[in-house]
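Worksheet: the structure to be examined is printed underneath.
Labels run A, B, C and D following the written order; every chain starts at residue 1.
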Amino acid sequence: MSKKTIHIPLGSQHISLLEPVRFKFECENEKIVGVDSDVGFVHRGIERACTTKFKFDAIGYVVARVCGLCAITHSLSYTVAIEKLLGGEISKKAKYLRILLLELDRIHSHMLCLSHTCENAGFEAMFMRIMGDRELVMEIQELLTGNRIQFDYISIGGVNRDLDVQTAKKIIENLALVKAKVFSYIDEFTNNWSLSLKFKGIGALTLEDAYRFNAIGPLARACGLPIDVRNEIEYLPFDEVGFKMQTHNDGDINARNMVRLNEILNSLEMCENILRGLPEGEIFTKLKGKPKGEALMRFEAPRGELMYYVKGDGSAMLNRVRIKTPTFACIPAFSHIFMGEEYADAPAILASFDPCLSCTAK
Amino acid sequence: MIEVMLILFAPLIGGLMYGFERVLRARMQNRKGPPLLQPFYDMYKLLDKQAFIINPYHTVLGIMHFLTLWTVVAFMIFGQNLLYIIFLHLLSVIFIILAGFSVNSVYSHVGANRELLSALAYEPILIIVAVGFFMMHGSFDISVIRQNSASIVPLFLLFLAFLLLIPLKLKKSPFDAAEAHQEIVGGVEIEFSGVYFEFIYIAKWLEYVFVYLLLVLFAGNNAVLGTVLFLGVFLLVNLVDNATARIKMKHVIQIVLGIALTLGLLNLAGLSYV
Amino acid sequence: MKKIEVALKSVRDEIKSFYDYKKWHFLTLNGVALEDNRMQVQWIFSKYEALDEVVIYYAEIDYTERIPSLSDIIPSAIISQRELVDMFGVEVEGSEKGLYLDEDSMQTPLRSCLV
Amino acid sequence: MFRKYRKKSPWILHYNAGSCNGCDIEILAALAPKYDLERFGVINTGNPKQSDIFLVTGPVTFRSRERLVELYTQMPEPKVVIALGSCTCTGGVFRDMYNVEDGIDRYIPVDVYVPGCAASPELLIDGVVKALEILEEKTKAIEKPFRLFKEASSENGIINRRHSALKVGEKDEED
């Protein structure tokens, strides 16, 4: 008797998904033996619009709309690539403020991912708890930039808003609160019995496979692959503010959560260091000229490596803007992980990747 | 007369319990939560909605599930035979499982599958509980059990086993894999809509009444102990619901059959020696 | 950023001899439209734990030419190849259309960027 | 008779038709303790057959059109549609991009437009409250998605929606 398989679809509309992506799992008794994915639901055509519709100085705000969660990394990568082509140096204070926002964004994004993973594992109370505490970070972001999600904070030549003393004080207060909460999460994630049944040993990726599939971001760091672009670029002074690589060896959902939690702690430390040692100076330098030539810029988004390739020919319209997003590069690894797992775990595994499909499809 | 009134109002009592539970859960999660009468607002709204019928059997089986469950509750209030009640309750579960299989939806099938597995897990223990009561009081009749004094002390292990069933029966975490909102969007109830979903929705309230009526049987004729048991277990179940994630069906069956069945059999063995 | 030009025919051999999967990290496959119906295909690599070391292998081709697939050397290249097929309408071995585009959406959107 | 209970128990269905995630996160944030949408009785059902409010984010991309209309038709009457975010209302920054349909009101009737990029949870709550007022007034007459089903052509007994959508679109442009 041949085994009968059932096809379980997940998406494109599903309660456990924020985004339209369709997975079709071929299951034997809830055990996944095949995965078919369709990631093109969010394709809008931003790469083309960047070269036909918008001038180069506006694109920084357009590419922020590629993704609401890593908006800041998108506009930062693009802006830095353009600054490279224009050939100007921006002030140190602006650089520090950019790191500050980058790390705040990472904190709130990681918290969202953790809470979403908990919700998909059926732990509603933990979801509510982390989401409630995440508001502390959102509050600072609103104070610092003026908006909760799509902060158009970075412009070519610097940043748009200065940091005043009161805001800095509020940021330090809130971050201290967040820090205490993060320690309590670490406790919960390590000690809760039902979470360990749901997370430990589930959705594991080996180090060998991580190398083979070119995994990036927390997904790779959870397997022990030390890849973090913050370690590989010299444009922003990450080592000055106290960046430390966080890795784990298990490669399962629990390891990914732990990497994220430790990264939040590291980011909190970096934010504190920045606020303590913020240099004096202008926040904006005017850069003149039109971009000519090609530049490639990489940054570490909350989900992994983000790459921008920009090519201009000296006019206001660019020739090519290539966006390589973190989730896009990880999709082969995702499909590999799903094999052999149970369907009951699929939503939690998916959430633990922290996928960003609107990044993927652009 | 009072029994007839109780039977008529049983869904309302269940609804109040469900509403209170939602408020309690929200407070535990540091939220304000919906109003207490929210389940009834939902009920009235569902009466007003347009309904889709997937196929007549599906709908009829859903209604049958509700009616059987109400009959179960009625028999319990009248004080009928406990064994009959448990089997009748199994019938109502079978109706909803058949309803789940009668539509062409994968989530519904998976949900029905899990429902069936969980029925396999808890049904033996319910029967053992009934046997335990029989050994204590010499009768399966609920009216007899109610007249005798509290049997929680000799049946303490059975009581613990029954406690494990409550989250499974009420679909609360960690044993809510049969409903699993984030995986299979409610499982068997996914294809019901409008006024037909109402039957499933109210059946959920009746399930509350059924489970807690079974629970207070452990208190016998002691009304104070019954109230304490009810309130304590209600709080405990919600606390556990708020402190755990959903575990997989595999683990559910291992835990329920492994721990609860052992506890129950131990208790029975002890009783037969005494 | 180091750029190395390769011929399309020898790209498989070049990358096979160059790519050590424990040292180099495949970033992406990129296409850039040039004048006269030509395009540049770039295979971009970066080194693990090195400061700003990016190597780009590139080949200039016509739209009619067939690009060899690298998915047996680099398994994660498969999705970039599908994207390239959609965006430029070129042919890549073993990659089909339809990752992003539907039948009625604009075909080869990035080909006409210079116009 | 049951009309006034409609606005006390709105169940939400959320669909992302190609947005940048910004608004979707804000929906989650609105369900969380600080804003707590559940105090209005809101449940995020995720099941179109049991929902009253259809919360759509994102300009409609080509591939999500079909699913959007399908979900809309699966929802029982009475129902309201909220377009959340600038790009859902008009296309926003994505207007005129080649794979985008400039807002959901080309396909389904919209009752409440909530602007903002990204729409903040306060705006979302205001939108839901406004939608509840509209929900109370609605009749049970069936509202149809206009564009796709104007000229449904049936091939082998299956309604070929995409085909008919194109036909209608071309005809609209000719008129």
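Note that in this section contacts are C-beta pairs under 8 Å (C-beta built on N, C-alpha and C of every residue); 3 or more make two chains touch, one makes a residue touch a chain.
Fair warning: this is a prediction, and the values are worked out from it, not measured in the lab.
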| item | value |
| --- | --- |
| Shared chain contacts [chain A and chain C, defined touch] | D |
| Chain pair, A-D or B-D, that carries the greater number of C-beta contacts | A-D |
| Identifier of the chain whose CA centre is least distant from the whole-structure CA centre | A |
| Distance between chain centroids, defined by C-alpha means - chain A, chain D (Å) | 28 |
| Averaged-CA centre spacing for the pair chain C and chain B, given as whole angstrom | 59 |
| Whole-Å gap between the CA centroids of chain B and chain D | 36 |
| Centroid distance [mean C-alpha coordinates] between chain B and chain A, Å | 43 |
| Chain C, residues touching no fewer than two other chains | 100-101, 106, 109 |
| Where chain A touches two or more other chains, by residue | 14-16, 40, 43, 45, 48, 128, 132 |
| Set of chain B residues in contact with two or more other chains | 29-31, 181, 185 |
| Touch relationships between chains, expressed as pairs | A-B, A-C, A-D, B-D, C-D |
| Chain D residues touching chain A - in the complex, by the definition given at the top | 13, 15-26, 28-29, 31-34, 44-48, 58-59, 61-64, 67, 71, 87, 92-94, 96-100, 117-118, 120 |
| Residues of chain D touching chain B in the complex | 2-3, 5-6, 8-9, 11, 33, 36, 38-41, 46-47, 49-50, 52, 74, 76-78, 140, 142 |
| Chain A - residues contacting chain C, complex | 39-40, 43, 45, 47-48, 51-52, 211-214, 216, 225-227, 231-234, 296, 298, 305, 307, 309, 311, 319-320, 322, 324, 328-329, 331-333, 361 |
| Complex contacts: residues of chain C adjacent to chain A | 1, 21-22, 25-28, 30-33, 42, 44, 46, 48-54, 56, 74-76, 78-80, 83, 87, 98-101, 106, 109-110, 113-114 |
| Chain B - residues contacting chain A, complex | 25, 28-31, 106-107, 109-110, 173-174, 176-177, 180-183, 185, 242-251 |
